[in-house]
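Read through the structures below before going on.
Next come two complexes built around chain A: one with chain B, the other with chain C.
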Partner chain A sequence: MTQTVLEIAELQLHFFTDRGVVKAVDGVSLEVGRGEVVGLVGESGCGKSVTSLAIMGLIPQPPGEVVAGSIQFEGVDLTKISQKELRKIRGDQVAMIFQEPMTSLNPLFTVGNQLMEVVRIHRKVSKSEARKQALKMLQQVGISREGILDDYPHQLSGGMRQRVMIAMAMMLNPKLLIADEPTTALDVTIQAQILDLMKNLNKEFGTSILFITHDLGVVAEMCDRIVVMYAGQVVEQTDRFRLFRNPKHPYTQGLMNSIPKIEDKRERLYSIPGQVPNPHQMPKGCRFAPRCEYVMDICRVNSPDLLAVEEGHLSRCFLHQEVKEVAATST
Partner chain B sequence: MLLQVHNLRKTFPIRGGLLGKKTGEITAVDDVSFYVKKGETLGLVGESGCGKSTTGRAILRLHEPTSGQIEFEGKSLLALSEEEMRKARRDLQMVFQDPFASLNPRQKVMDILEEPLIVHGMGNGKERKEQVQELLHLVGLNQSHAMRYPHQFSGGQRQRIGIARALSTKPKLIVADEPVSALDVSIQSQVLNLMADLQEKFELTYLFIAHDLSVVKHISDRVGVMYLGRLVELADRDELYERPLHPYTQALLSAVPVPDPDFQKQRIILSGDVPSPANPPKGCAFHPRCPHVMDICKEVRPEFADQGGGHFSACHL
Partner chain C sequence: MSAHIQPVPFTKPEPPISPEKEIVESPFRDFVRAFLRHRSAVIGSVIVLSFLLIAILAPFITSYEYTARSQALLQAPSVDHWFGTDEMGRDLFTRVIYGTRISLWVGLFAISGSIIVGSLLGLIAGFYGGWRDTMISRIFDILLAFPSILLAIAIVAMLGRSLSNALLAIAIINIPTFGRLMRSRVLSVKSEDYILAARAMGMKNRRILFHHILPNCWTPIMVQGTLGFATAVIEAAALGFLGLGAQPPEPEWGTMLADARQYIQLAPWTMIFPGVAVALTVLGFNLLGDGLRDIFDPRMKQ
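Our next item is the complex of A and B:
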């Protein structure tokens, strides 16, 4: 990796609720390099969205609070700076797109209005200049219809709205784009269009993307490197080829085996037994232990660290020590 | 042949203005014909708004079809009175997408599962209670769950309750409308396996409606593809996925992201959006987005015809 745009280190984000403390993000570390697309995957409630919102400073406080750790963006710790300073960075250098393009656009303002607002907040430009830029950006995302600027969000289809959201995020050419399930609400043929568009923007502008999704198929097509989360922790992290060819963590393996693959013949699906642990009662030791088929005594007592299994491949599992030894003797 | 659907059509009025006058019509299901054999799973796929859910509901007459024929075990369902239809639903049950919205939050699981038995007059109180316990066991829940309320369960468990409810009347056909799309992948596979087990055990027939092509491929014997209210292609599962004839099916299959970075494929990216069903294009509904569009496609609606070996497709090509 040449240069790091974003570096999250040992982030601890807790929610203080009436029923106790929920450690939604528990010691998450990850990096996004310049021009890199990093996937953050996991199932509902694993803390992937909370992590992304924390980068943007969008976690309501209280109940949420960053208890420890840092989020370095271009050398600035986003957890330490004031709201005012954060506002300057947000939308300008770091932008975000959300899952629901309908609820994240303001229904009362036209598309043009909302796009121009982004420019006019961060740059000193005239209205007509902002309008010109808005139109240009919309063309970049594949909307060339002239009247679009005067349309309201409800007049657009889901795919179009997501294009507008992307245009808005890309308006000021951010260094980092955070995409939280950007295609989950869209149909597959539209999803293909949007993924294609995001790939092109990444190539053309060199924008780094943190891509948050639960869809392993999307991750395999989009991301250079992948971070897998489970119950608030990173359990595995490596490049996409290694992750899909040789997943190390039992949870990642389970996930991959659970998806029906389109090229497969009909057979019984593998399924991970049990359910995600209750955030109020995290298991002692490894959080995946109650569902893990390789569980050992130590897993129920101690929590494993995220360690390198090989260069550039991290996994949080006690098994690997053994696996390495076996591999050493067999080769 | 368990179920036969002929030329099914369902329109919804568009109302507007002060007096709510009918100002237009949405054709949600347009001339759809297919059959389901006993013991098989027919998958129906398509994107949002293509009419796949409406088709499923119309078969149970939860939406009254506008025209067409539905035959279940040789008897016409549309000829039945409402009361007779209610009785017939003992053999035709449904599993819904949203396990949060489809269970009454004020009923205990016991009551949710017992209710269909009471409605259909099956067994006495004691027998019914026993049957509920058996149902819970079948779907992998335990007896103590019977006295809980739906909110005390996770999404996957609720979907199991939904399936248990559908099973309670010992139906022959289950229409499952997006039964796993609200679930996480690790839970999704549990529910898909459960459905496969139950099918084998009770010789159930499924009409499985979903938008996820991989899930449909996994569970189905035959698959139908819908676009804008019409069936555009229907064939045996392997035939459809390996040799899709309709350009829409081809594009749809190529658009599915594959969880394998080594897998290379030619992606067909369709331009534009699905047209409004209130104002469908003339001729073939897919022609404005079709990469192989010809003049005839803009004028004449292609017939949904057997292209050989039970592979149906509606295309002029």
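Our next item is the complex of A and C:
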């Protein structure tokens, strides 16, 4: 983790809608180191997908706009450069795979066609060379069947298509792979295969992965470091061991408790009470306050900052800060 | 908890899961099979194909010239003149046969023109949105505000009466149909995941537009084009009938109907045969178009 590939700093992304401004991403900072797998976790609508699209420069504009902050990729601020420069980076240096393998491939073209297209957009290579590369990459993702290049997407199963998508994303050996819930739409057995595959690619090619998911099980399997988002903000950030052993933020604790445990005798599953706040009307103070078990008076008035609870473990909650202050005053 | 579980009634065992490697037909084979199974599509295509053959083989089907006059005026159908003769003694069968050429030409060119211009405008409106969309959509609205045949009459009146102007007028009045269809199709294809994926791969707008969006928009245009062909044939005949389209002695069906009007009681065959020709052509294209629509509609697939 000596070098960072991606560094998002205080990113503010707003959607200007008829009903007012939606702060979809509100001051998000995160880093992805070289060869690192970082998990971005949160409920639907918390801004994790928007963050990933912002990295790619794929937020429709208007209504979306990066209001403040920066996205540094290899020392280049992606929010400042032109569409043309961005296009050169997309697919080549930063690639993305999506949630729905069933609809992410163009139904009218063969797999080979689409894989070769990616190469030929970014590199000046002959068709036969591109074909060779495509075949090689398909073998890397575990498809060695002859003739796959001439298959149409509808002839493949969901798992196969996701492999093809991954091959497509990895074609040009990108430095960063953004995976937006790549296994959500797949069967559990296929899920495990795809996760294994991504882990292998990460090791073999040294590709950094930003893994977006709401599945904590997947996170535990995959990620070195985890960023938990809630309502457009980062609420907790640490490595996976600390997150699972010792979650600090009440929201993360709630997420952990929502996972059923086999030794549990409870008959009902735990769920965090309440709902994600309406993005048009964010609660004053801490955004999680209305749903928090440990809510204090201050939480309803002031918004806590994201502070280090200990070395390498950030949390956005007054709870720890107060504890610390109390501890500091007592000694 | 387990004490409360009711014994599950015995049900039929699930059928074995189908093997992973399905045998999938090629999309084209699929289409051909569905087409052949669809009765009206087959009937329609038979009618359309026979008219096409008639148009191509016209000089071999009849031995008369379509302008050749004879002494036999307004004769009833006979062995010499299968459909009889008109008021100038011309062989009606020959004229109807050659009329096929005109109608198919008009339909083909007018509809191709509408499709090309309409699709392009619809593509731009749907893909870029914003002021381009507003401008193009309003133009379509204006064109659609007039009854189409009235607009065609106005255009021909402005440009002068001739077959080529009629063709142009028919092309213009059909533009908004294709334009709107294309626009709506582009709007839905644009939001597909594979378009987002294409963007994420770093493709240029133009490449996405012509290589990824356009090919996915063709099906409804093709269906509408077939149906529009029928409309164009009717519109050409209507303009001809009003004396605004093909000019005599061109053997255009509408013009022939107009000429025959005076003799409807004396020699009804002069009206019946061109009329039947128009009706049959339109029927053929409509059946074919309806069939194609059913076949391409994903909801109709079993």
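Keep this in mind: the second predicted complex is superposed on the first by the 316 of 331 C-alpha atoms of A that agree within 3 Å, B and C clash if a C-alpha of one lies under 4 Å from a C-alpha of the other, contacts with A are read in each partner's own complex, and residues count from 1 in each chain.
Basically, contacts are C-beta pairs under 8 Å (C-beta built on N, C-alpha and C of every residue); 3 or more make two chains touch, one makes a residue touch a chain.
Please read all numbers here as calculations on a predicted model, not as lab measurements.
Visitor: Looking at A:I190, would you say it contacts chain B, chain C, both, or neither? Reply first, second, both or neither.
Guide: first
Visitor: Touch test for A:V21: chain B only (first), chain C only (second), both, or neither?
Guide: neither
Visitor: With both structures placed on chain A, which of the two partners, chain B or chain C, ends up touching more residues of chain A?
Guide: With both complexes superposed on chain A, more residues of chain A are touched by B.
Visitor: Can A:A9 be said to touch chain B (first), chain C (second), both, or neither?
Guide: Touch status of A:A9: no partner.
Visitor: Given the touch rule stated above, what does A:S157 touch, chain B (first), chain C (second), both, or neither?
Guide: The answer is both, since A:S157 touches chain B and chain C.
Visitor: If we overlay the two complexes on their shared chain A, which of chain B and chain C does A:S258 touch? Say first, second, both or neither.
Guide: first
Visitor: Who does A:V219 touch here: chain B (first), chain C (second), both, or neither?
Guide: first
Visitor: Tell me which partner A:L108 touches in the superposition: chain B (first), chain C (second), both or neither.
Guide: In the superposition, A:L108 touches chain C alone.
Visitor: So which positions on chain A get touched by both chain B and chain C?
Guide: 157
Visitor: For the complex, give me every residue of chain A touching chain C.
Guide: Residues 56, 58, 87-92, 95-96, 98, 100, 103-108, 117-118, 121-122, 152, 154-155, 157, 165, 168, 267.
Visitor: Within the complex, which stretch of chain C touches chain A?
Guide: 1, 20, 22, 24, 27, 192-194, 196-204, 207, 212, 215-216
Visitor: Which part of chain A faces chain B closely enough to touch in the complex?
Guide: My answer: residues 43-44, 157, 159-160, 187-193, 195-196, 214-221, 240-241, 244-245, 254-256, 258-264, 266, 268-273, 275-276.
Visitor: State the interface residues of chain B toward chain A in the complex, per the touch definition above.
Guide: Touching chain A: residues 47-48, 154, 156-157, 184-190, 192-193, 196, 211, 213-215, 217-219, 237, 241, 251-263, 267, 269-271, 273-274 of chain B.
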